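After this come two complexes, each holding chain A, first together with chain B and then together with chain C.
== the complex of A and B ==
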């Protein structure tokens, strides 16, 4: 029986991941087309509406930027942890925690002037994200508990705490019985750029630039990458793995918390349980597509922002906005597969056609971060 | 607290326990073969919606159950294709499966929200035993899926621990090159394990939509798939401990909606005054706390996780 064998290419296709991303988008659009067509919609009409809603005109572009901003920030949050091989899949919850603390601060200090209050809210947002990350970070760094499960579990905790605040302690007395929290003070809204876009976009771009430089140009960044790729080498070099894990995760949580504060002051009118809106989860796809690189996060966040704006717009055509979630996941799947083809070539082998005896497992083995469980 | 309420709590404990046990048992099979699948939540959602729709169409809960298992296997097959055959990152592929699965389930089920199938799973009163006070209702008057889950648990234990197939599966989870050298197909073993795991998760989803919370709504899986993933760690990759863990988590899941109706005080605090939203964090906080405690107790011992868990294998790679 002939069977396929994947062999690593000696010459890798240039800009592999960028090409894989484009292939991913194209594949997802084709699969989406089939899905739309089989459920009785006109794919051309739906895609045209999505494209118009996301790109045509300044208002559309502003909406895309508005959505790309939290995606870029949560994508960066995931990428910070990811650059040392850790998975923060709870950015959704840290975003909520950040927004919650920021909203609490705004309630207590609503007498402050705009810029001061916003600064205070942003700082407390970072703190909120870090607080929610503290448990998982310590458990990971000191006990080796998988951060994947713990960060995710706390997403449900954060969202339910906000639901509780909505129905009880922070319920707006002037809401005519609706379970909503009072709006953030007028002066606490981020300055706008154009349309619905706000300077949160610039904050995100600035942070991505800072992180990009920190990772590639500083000793700190080098140590971070080293600790992730070869922990043993890092240990011999006298780098404290525990401290690196702790800082990477806390930083990651802090940035996700910042995303919450920016969303609260930039786009939302009040803290609500739907504020994080899946941005934290989509941020994981953004970071994975970007291979944890800040430049990639910028591009992927923009594209996903557009997909989401498009997904919202087609509801008027009677098409479910769930299409945008499906498209996002399919882009990632297709890009994953494409990237494998760019890095490996397929050779069909017969049963006796074994040319190599040195079977090697593509594993980091001893030299990977060890952890209990997952 | 009345006697009926207490019995009701334990009846629900067994049912919630079954729900997470089935899904976790599937994940255990995949993980023992060395494949981490973080797509359980998405596979359960796909199983829940497809099972519910087949149930609506056919009126047969069993047709729905097996259809959901087939869909779960198919969705698991995507993870197998991407992460086992192609060797892409298992974490990324699994997460994409969860996000895409939740999205696809929402899309597929958009027209059946609010409907109710005519026939659901019914409780199976076991003659003679179901009438025993307390224990009868808790253990002998449950829906058939509960007993099926027990049988499946035993079967998985038997296959893993006592058969050649199980040996091969466990071996591929410890070291793929060695298993390959012995002549087993790493891809076939791992792909099969992931697809069977997916079938379990899908079936668990249909138990949710055809018995526990009849109907389909977006987000109805509500994190139980993730609890199942955590449960595998809690169960130390063993079916027996998994069952114990499932009952513990089932208890918290059952407790949460009921705690408000219980007229009890804890440390002077009237439990019924606590908001349901706040009680909802209980299972998730428990999961984190339990994982930390386990790791603390095992901190000086070598990990019991399958050694090759999460590591892709590409034959003849140079």
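== the complex of A and C ==
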């Protein structure tokens, strides 16, 4: 019987990435075609609506950017940790923590002028994310406790805290009994760009640029790369692995916290338990799609944002939210699979090493993944 | 398909393989008869590893044919080669440290639902049959290099390989272990299996092997049908094209300078938490080479790590240039003039996935800064200087360093360590796995450093090297220094019994 084997590419050719990506998305759209047909919708109409909603006209583009912005920030947060081989699964929670601290500051300092208050909220958002990450980061760097579990657990803590604030201490007295927190002060909303887009997008782009330069062009980034790729060599060079793990995780938490503050000041009216809206978890997908590279995060966040906007828009055509979710998931899944083919190629192998013809290169064996085994 | 490859266990014909910027194989041939041990010889970078990687299915050749046991093969992956009966023991072992010996051996070829103790039993039988002591239940991380190699060989035997490829197998072995390996390989050959044996240690090649192929710059330069007919010098000549010298001449004795490295009452534990060093006292002066003699595994690795700050001593004091560095980080010690060429080049000294440039600035990246920025031009220039000064053969400087051959890795590593003009150099097995010219190049660098007033601590398993280069020899046995000898007047027998723990008094 023939079975598929994944073989690591000797070299990653940039063109294959684009091709794999396009083929992946196209495959998903074809599968979506079948899904839409069988559920009684016109695929052409649905796809056209998705495309229009995400890209056509400034309002659509603005909506996509509005969505892409928190995704880019959480994606970057996950990628920062990922560059050290660490997994920040809890960007969702750190985003909440950042928004919470920012909201608290806004309540206390609502006399300040707009720019000053916003700056203060953004800084406290970063601090909030870092505070929530502090425990997992220290546990990881000093005790070797897996950050995957700890960061994830704190997501639920952060969301519950906001729920408690909504019903208790921070409940808006003018809310006619609804459990909501008072809106952030008028002057604390981020200046808009066009449509619903706001300058949070520029903040995210700037941060991505700074981070990618920092990684490739500074001594600090060099240490981070060295520690991420060869911990023993980093130790040999006198780099403290503990400190690198700690900074990477805190930075990751801080960026996720920033995403919370940007979301609060840019798109939301008040702090609420639904503010993070899954952006933190989606950031994991964005970072994975981006292969942990900042430049990739930009593209992946934009595509992801567009898929979300498009996916929601088709509900007005009567497509159920379940179908819309499946469609979105298929597109992202296809893109993720395509990402695998950036680094691996597939080959069919028959029994007992009989060859199928294939003119590409074979590569190191420990890198070959047998699908059967995985 | 009728063929002239039919009577050979292995026939690699006109193999061509090019890497970005380097031609590794340029039409090389290799024929191995069944039941023989075949030496594959050549300088560093001659293409030996690339050749056997083609045979093992790791690389697909750009040109040429691969025949195994009379059949032409087109391997797409190592799994194909294994299925065709080719077993490979790599220069760097590929075992899973946390799994046991038995688990490692059956990994990837698990025969359905065997119970663990059944597997362990069968592994024990196999190791007994070939005279290789190996406890199947021990985790691999606890094993010495020699023991790990046995596991790799057993792994190939478990898969019933008819051709076993060994890339520089004795580079990591003690002399005793090497002799045992020779016996194991002979036993395999007598069963009709073939062995391809890559090594730079020509005396062992002549002792173990039947026939040989010599590669030079990616081409087959000579074949020897019967190794008994040739002597070592003519073999070396075939490899380099000219008569390669032996060891660098003994440097004339010098007056010692001030003390640059001292250890007082050092004790330390190994990775398993067992005592590895006990009450070590030693000093290295400026302008001298102190040679550490001993069978590997007697505390040499831990000694180097304690000196360079990679291991905390349980007790005692380390000083570099008169300053107490017992609590200093490895980086701080380098700043104080302590350079280190570690034994494990790709695991510790270099970062395999990073570029040649990135690896060449591991020590000096902080001085390649302007403000916060790392100036890439300066890094590249620094790297180019190293490459030229130390004769490193490289392709593109931005490619991962893992593509360099063993000898070239070592040249770059040593060059990097010497670039900042250290006061003390700790060199662990600096010439292991290098060809005649590579050995000579590294040794003459060490001697040159000594002449410049550097204090060198040379840890080696090569007694000839130690005796030729050192001003004083310290013999280590079970974590202690059991004797101090002048290198030139001490007979081998005395050193030998000291290495075995019985220093003559």
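Methods note: the second predicted complex is superposed on the first by the 300 of 374 C-alpha atoms of A that agree within 3 Å, B and C clash if a C-alpha of one lies under 4 Å from a C-alpha of the other, contacts with A are read in each partner's own complex, and residues count from 1 in each chain.
Everything below uses one rule, namely that a residue touches a chain if its C-beta (ideal position, glycine included) is under 8 Å from a C-beta of that chain, and two chains touch if they have at least 3 such contacts.
Predicted, not measured: the structure shown is a model, and the values here were computed from it.
Of the two partner chains placed by superposition, only chain B is touched by A:320; chain C is not.
Look at A:219: by the touch rule set out above, it reaches chain C but stays clear of chain B.
Of the two partners chain B and chain C, it is B that touches the larger number of chain A residues. Of the two partner chains placed around the shared chain by superposition, chain B is the only one that A:135 touches, whereas chain C remains out of contact.
Of the two partner chains, chain B is the only one that A:146 touches; chain C does not reach it. Contacts of A:168 after superposition: chain B is touched, whereas chain C is not reached. Of the two partner chains, neither chain B nor chain C is touched by A:26.
Residue contacts after overlaying the shared chain place A:18 against neither chain B nor chain C.
Once the two complexes are overlaid on the shared chain, A:119 sits clear of chain B and of chain C alike. Of the two partner chains, chain C is the only one touched by A:232; chain B is not.
For the contact definition in use here, the residues of chain A common to its chain B contact set and its chain C contact set are 5, 7, 355, 358, 360-364, 370. Considering their complex, residues 20, 56-60, 74-81, 83-84, 94, 308-310, 329-334, 340, 342, 344, 347-354, 358, 361-363, 365-366, 368-369, 372-374, 376 of chain C touch chain A.
The part of chain A that touches chain C in the complex is made up of residues 5, 7, 11, 217-223, 225-226, 229-230, 232-240, 347, 349, 352-353, 355, 358, 360-366, 368, 370.
Contacts from chain A toward chain B in the complex involve residues 5-8, 35, 39, 87, 89, 135-136, 139, 143-146, 148-150, 152-154, 156-157, 160-161, 163-164, 167-168, 281-282, 284-285, 288, 320, 322-326, 328-330, 332-333, 336-337, 339-340, 344, 354-356, 358-364, 370-374. Of all residues in chain B, those touching chain A in their complex are 36, 38, 78, 82, 86-89, 91-93, 95-97, 99-104, 106-107, 110, 175-177, 180-181, 218, 222-223, 226, 229-230, 233, 275, 277-278, 280-281, 284-285, 287-288, 291-292, 294-296, 298-299, 303, 305, 308-318.
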